[in-house]
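Encoded as structure tokens, the structure appears first; notes follow it.
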Amino acid sequence: MIVRPKTGWFRMLFAWEHSVRNTILAPLGIIFLLSLAALWGYRRSDAFFLCLSPVPFSLIGVALAIFASFRNNACYERYWEGRKQWGVLSCATRDLARYAVTVPSPAAAPSDVRHLVNTLAAFVHVLKHQLRGTDPSRALHEFLGDAHARDVLRRAHRPQYLLTCVQRQLASWRRDARIDDILLAAALAHLDRLSQAAGACERIRTTPVPYPYEVLLHRTTYFYCVLLPFGLVESIGWATPIVTVFIAYAFLALHTIAGELEDPFGQDANDLPLDALSIQIERAMRDTLGDRDLPPAAVPDARYRLD
Amino acid sequence: MIVRPKTGWFRMLFAWEHSVRNTILAPLGIIFLLSLAALWGYRRSDAFFLCLSPVPFSLIGVALAIFASFRNNACYERYWEGRKQWGVLSCATRDLARYAVTVPSPAAAPSDVRHLVNTLAAFVHVLKHQLRGTDPSRALHEFLGDAHARDVLRRAHRPQYLLTCVQRQLASWRRDARIDDILLAAALAHLDRLSQAAGACERIRTTPVPYPYEVLLHRTTYFYCVLLPFGLVESIGWATPIVTVFIAYAFLALHTIAGELEDPFGQDANDLPLDALSIQIERAMRDTLGDRDLPPAAVPDARYRLD
Amino acid sequence: MIVRPKTGWFRMLFAWEHSVRNTILAPLGIIFLLSLAALWGYRRSDAFFLCLSPVPFSLIGVALAIFASFRNNACYERYWEGRKQWGVLSCATRDLARYAVTVPSPAAAPSDVRHLVNTLAAFVHVLKHQLRGTDPSRALHEFLGDAHARDVLRRAHRPQYLLTCVQRQLASWRRDARIDDILLAAALAHLDRLSQAAGACERIRTTPVPYPYEVLLHRTTYFYCVLLPFGLVESIGWATPIVTVFIAYAFLALHTIAGELEDPFGQDANDLPLDALSIQIERAMRDTLGDRDLPPAAVPDARYRLD
Amino acid sequence: MIVRPKTGWFRMLFAWEHSVRNTILAPLGIIFLLSLAALWGYRRSDAFFLCLSPVPFSLIGVALAIFASFRNNACYERYWEGRKQWGVLSCATRDLARYAVTVPSPAAAPSDVRHLVNTLAAFVHVLKHQLRGTDPSRALHEFLGDAHARDVLRRAHRPQYLLTCVQRQLASWRRDARIDDILLAAALAHLDRLSQAAGACERIRTTPVPYPYEVLLHRTTYFYCVLLPFGLVESIGWATPIVTVFIAYAFLALHTIAGELEDPFGQDANDLPLDALSIQIERAMRDTLGDRDLPPAAVPDARYRLD
Amino acid sequence: MIVRPKTGWFRMLFAWEHSVRNTILAPLGIIFLLSLAALWGYRRSDAFFLCLSPVPFSLIGVALAIFASFRNNACYERYWEGRKQWGVLSCATRDLARYAVTVPSPAAAPSDVRHLVNTLAAFVHVLKHQLRGTDPSRALHEFLGDAHARDVLRRAHRPQYLLTCVQRQLASWRRDARIDDILLAAALAHLDRLSQAAGACERIRTTPVPYPYEVLLHRTTYFYCVLLPFGLVESIGWATPIVTVFIAYAFLALHTIAGELEDPFGQDANDLPLDALSIQIERAMRDTLGDRDLPPAAVPDARYRLD
């Protein structure tokens, strides 16, 4: 995620927006060359054989507008829902930590509470690694110790298994009569929220926007941009290259951003900062336990990027 | 569902998108022939009798944009809601499995827990078969044994009956004093989530987008595409066939994708991968029981298709 | 509701879509005559006094697009929310039937359970009649017997009263110690869902889309369609009648469908099939009781219409 | 709210829609005079100095479409959410009345139940008066008697205080062992729904659509309408006044309706019928108690208006 | 927030809308100068070298419409969700105050109840300061006394810690047998709502609309506005400066408003009035305790601004 602060209207015109620009430089270059060709052809002969009228562009424009705004909305919604689900994770883990500290009576042993919090932190980190397709071993060893970590790594559904561990611990508190059935049910409700949030993240990751939308919008956008100079050259003459490249820039960049947001858990510049969120969740739980030596919060790098 | 990974911008222009292309080849061919006819007529005489101006297209375009983006959104929402409901199924079955393993005290007999999980897996598979209109017998025999399977097959509402079976088992745990009323109520809440998700899937399957929308959009799209060459030929001359076919391709493909997504539980290439999801649900439950010999996860075929 | 199966792209162009076509035949005829008049006037003199340019149409088009897509979305959302609420009815009644069969311990008397199910079925049918403004007596007599039916008919809020009856019965089970307070509270939660769904249906029926929207869109649509031939005649000549009638057909049909969906509980061809849904709900409950002689499910008539 | 029944397509063209028409008569008159001026100027000299081309209108049209459809949707959503919240009020009060009649065991004294229902009815009426900024004294005296009414009137947050009174009464039932903690918690959940609905209504009333949107759309709409005749006169000649006034009518009316719906609890013709809803809520609760002499339901006046 | 009452249509044309106007004066001035330059160039020679046709504007217009309405909706939704979350805070704090006054039996000591309410008020104020990045010390000292305030200030997640304090107090009531487990669970549910609302506010504040959207829309808007005079000058001549500045005003103002609403918890003129809402929440809780000397409600200043 880019967390660049707002600047004045003038400086913002020249802001750097990372990945987007890199991805579309090549097609923009091609389109620029095509506009020069269109201009050259048009100058050479008025009856330049590829000189289109602007009419088809407004017709394709209708299709493009429907497609692009649909895909854009769908992708942004996936991004925002992903963020909301991590908000649920953040909230339910805090609620469980608060619960563990205040509710059991007689109070649970501090080491037990710490173990619960560690398992929850491991759950969050493992989920992050699963969503990103990276290796969770280090996080597991750090939070759970080697034996338990190896046990978790053997499982097919690791986040799910860690929730089972937490639930086992809560059930043991009931057996020790620290909480009764009602308060156990209240705690299970928090675990179910965690389970649902993890499931929702998985759903977003495994179910992309239907593939033909991608292909169709991709083709329409490029077809539109490639034909553009031949449609504009008659009406705006030598301004064709500038205007064409700008219009193409707007459409291709929109297309690229939506593509990045589609899988919000990836590691593109505009994806969700799952590292920062995981640390934040861990910090909040430790703060509830009263710890003083919290792990440092993640900060954006020099290019305003937060992972 | 197509799970094709993203490729570069250039290769994506030539990606294959299965069913969509097949469905619209015939009308696209007809439209191509019509554009050749328009071009031929226009070349022969400037006062070609079918030569329209582009004006009506921008007017029909307004109607088409309203219709198409409405239907597209409505259909995608059905698809996405269908996926969400299967996410709920996935989540609630895991939560029940986790519950069965950790909550009853004294713990439930392993065979009882396995029976519960089998009934839930049967529920998911039967629901899948009901939504697709296919035969559930094999799945039932596999999960429940012959006697129970025959019993289920006699029922009119099989998923519903399997939930009743699960609920009976939970009620028997209460009679055995393994869980008390509060924890029974918590488990019933999970069953109600399953019942609601099944009901929502049924709702989506039995209530299509109102039929006149289909017909109206269908007609408007085809009318627009068929008239298109006669409206464009005057302004863009020999480019008419290419541009016409491309615009028609965009609109017809959009129309076809939306039609596939409308019933997300079917067996079109872009429908939800219910087979894969069912196996996934079964795997997650068995993993919670600690099984090592999980059924293999479904993988996409060579054409990136996952059923 | 029309449940016509999908046909090929060609046959669908000529599908019959019931009410919509009938409602708009008269205005379409008038618009056709107006286009002939415009054509005749234009042929007679190039300076035909009513010959507009296409400019105002694109300006009115903006207003029309905003209005029409707003109203269309609002009406479809009412339709879909109506369907969702009937889905809630369907689900909560099943959940209550399942509850009655499995939860009370010692089990409730079969006649008691049947009485509960009958009262719930009566509730659903009475709600249907209230939403449609038809007479519920027959359904009440059938489900509840004459004495009870007369009692219900005396009430001002009959669905509400039937819920009170169900609740009374559940409360009596608690007094008989078949269920305790917690399980009573769980059952009351189902009743509250029924009460909320009934309230939401009532809300949709009694609160139409604000009237000025109806009037304004109606006027804008007709004004647009009536002026259309005079605006097109100059650019497209003798094609005016066909194109005009087609554009008018698209806008008027969109207007009419939205009008039908606005009150989804009516008896228009595209309204919700409340008869079929009520029978379906009854069937599902009886199936849970283990009945074999279920009432037959509703099927669409020869014109694919399901009430 | 206007509850005018649907009429045929022809009569609807001339329906009366109350306030909207009155508000925009003056600006429409001015715009009509401006079109006459434009026509006169254009006839007098072809090079009329204010004769614009239609180009800027399609550009402003884009801005106008974004603004107007955004504000329209936002305002309608406020209206519909307001209605939903009153639906929640309606539902939760019924649920509480049903609860009071059936759940307490031994049954609560009839006078106690009636007192509860009266307090709830007073709550609804006081909320209505607070949302409308009118005086609640009469309703309070009628429902609660003079002493209690004076007590309520002294409070800063009257609806909130009435909920506290209801909650006190429910707590007293627990002390009398008519209900236990679980059923008390179930009743408190209903009160919390009432409290949330009241809070949501307050939120809608105190947080308008951000003011600059209002101003900006207002200015854009008027600027557009005032320039319109000068842009159209060249293309459509003497039809300018009719077409201009019609387009201006559509945009100004849309603007005015949205403005009425923005605060749905006011007393404009299209606002929510809070009087009718309050009486309806009271009737439903009394019907649950078995009362025969219900207050008469509110009916629309001769102009189809329901307050 | 600006709470200016509605005025007549004429006076509203000249209303003052604070920050928006200031932010865009400079760019508007530049655009005005550019239009004068375009006009001067066009007058001097018909073949003015920068004279564009209006064609590219309708093409950029499509991109601009997609972008601007997307960002506008996204930002407004953030604003409205922020308001809803503060509505949840407002509601859940009242519900807790009502709970503390009526539910515990034997009743809690008045000083205990007051302490609970003070901690909740401190929670709300601290959250406000955290969202705005301002210093919470004064509010903490005022509500909690010096010792407790210092304790809170040492924590990394202060709102979270205050909730832990409240929860501790509720748990102590259970130990004193004033409430039992069920009613404790009901109270914890309110705390979880507070925790969720605080988490949601944090989510909105820390996750802006993805940065490339900002940059892209910014660039498209400015590019469009800067080219505008050169595209219009040919068709509308000397009216160019007025029309250009007006169109630019509409687009830039829309852009600026959305930018203000994006972070609804800031201190721009159109942001949420968190000061007023915090005081309102405090007043409502004190009113429930029966206090007479409520802190005065916040009122808008002379320019209708409420912070």
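Here the chain labels run A, B, C, D and E in written order, and each chain numbers its own residues starting at 1.
The rule is simple: a contact is a pair of C-beta atoms (placed from the backbone, for glycine too) under 8 Å apart; a residue touches a chain by one contact, two chains touch by 3 or more.
This is a predicted model, so every value here is computed, not measured.
Comparing the residue numbers each copy contributes, chain A and chain B share less than half of them at their mutual interface. Note: centroid distance chain C to chain D, computed from Cα atoms, is 24 Å. Centre to centre, using the average C-alpha position, chain A and chain D are separated by 38 Å. Chain D has residues 58, 64-65, 69, 182, 185 in contact with two or more other chains. If each chain is drawn as a node and touching chains are joined, the picture is one closed loop, every chain linked to exactly two others.
If you check the complex, the residues on chain A that touch chain E are 1-4, 6, 9, 12-13, 15, 17-18, 20, 54, 57-58, 61, 64-65, 68-69, 72-73, 76, 79, 83-84, 87, 90-91, 94-95, 98-99, 101-103, 105, 180, 182-183, 185-186, 228, 232, 235-236, 239, 243, 246-247, 250-251, 253-254, 257, 261, 270, 272, 283-284, 287-288, 294, 304. The part of chain A that touches chain B in the complex is made up of residues 23-24, 26-27, 50, 52-53, 55-56, 58-60, 62-67, 69-70, 74, 155-157, 160-161, 163-164, 167-168, 171, 174-175, 181-182, 184-185, 188-189, 191-192, 195-196, 199-200, 202-203, 207-208, 210-216, 218-220, 222-223, 227, 259.
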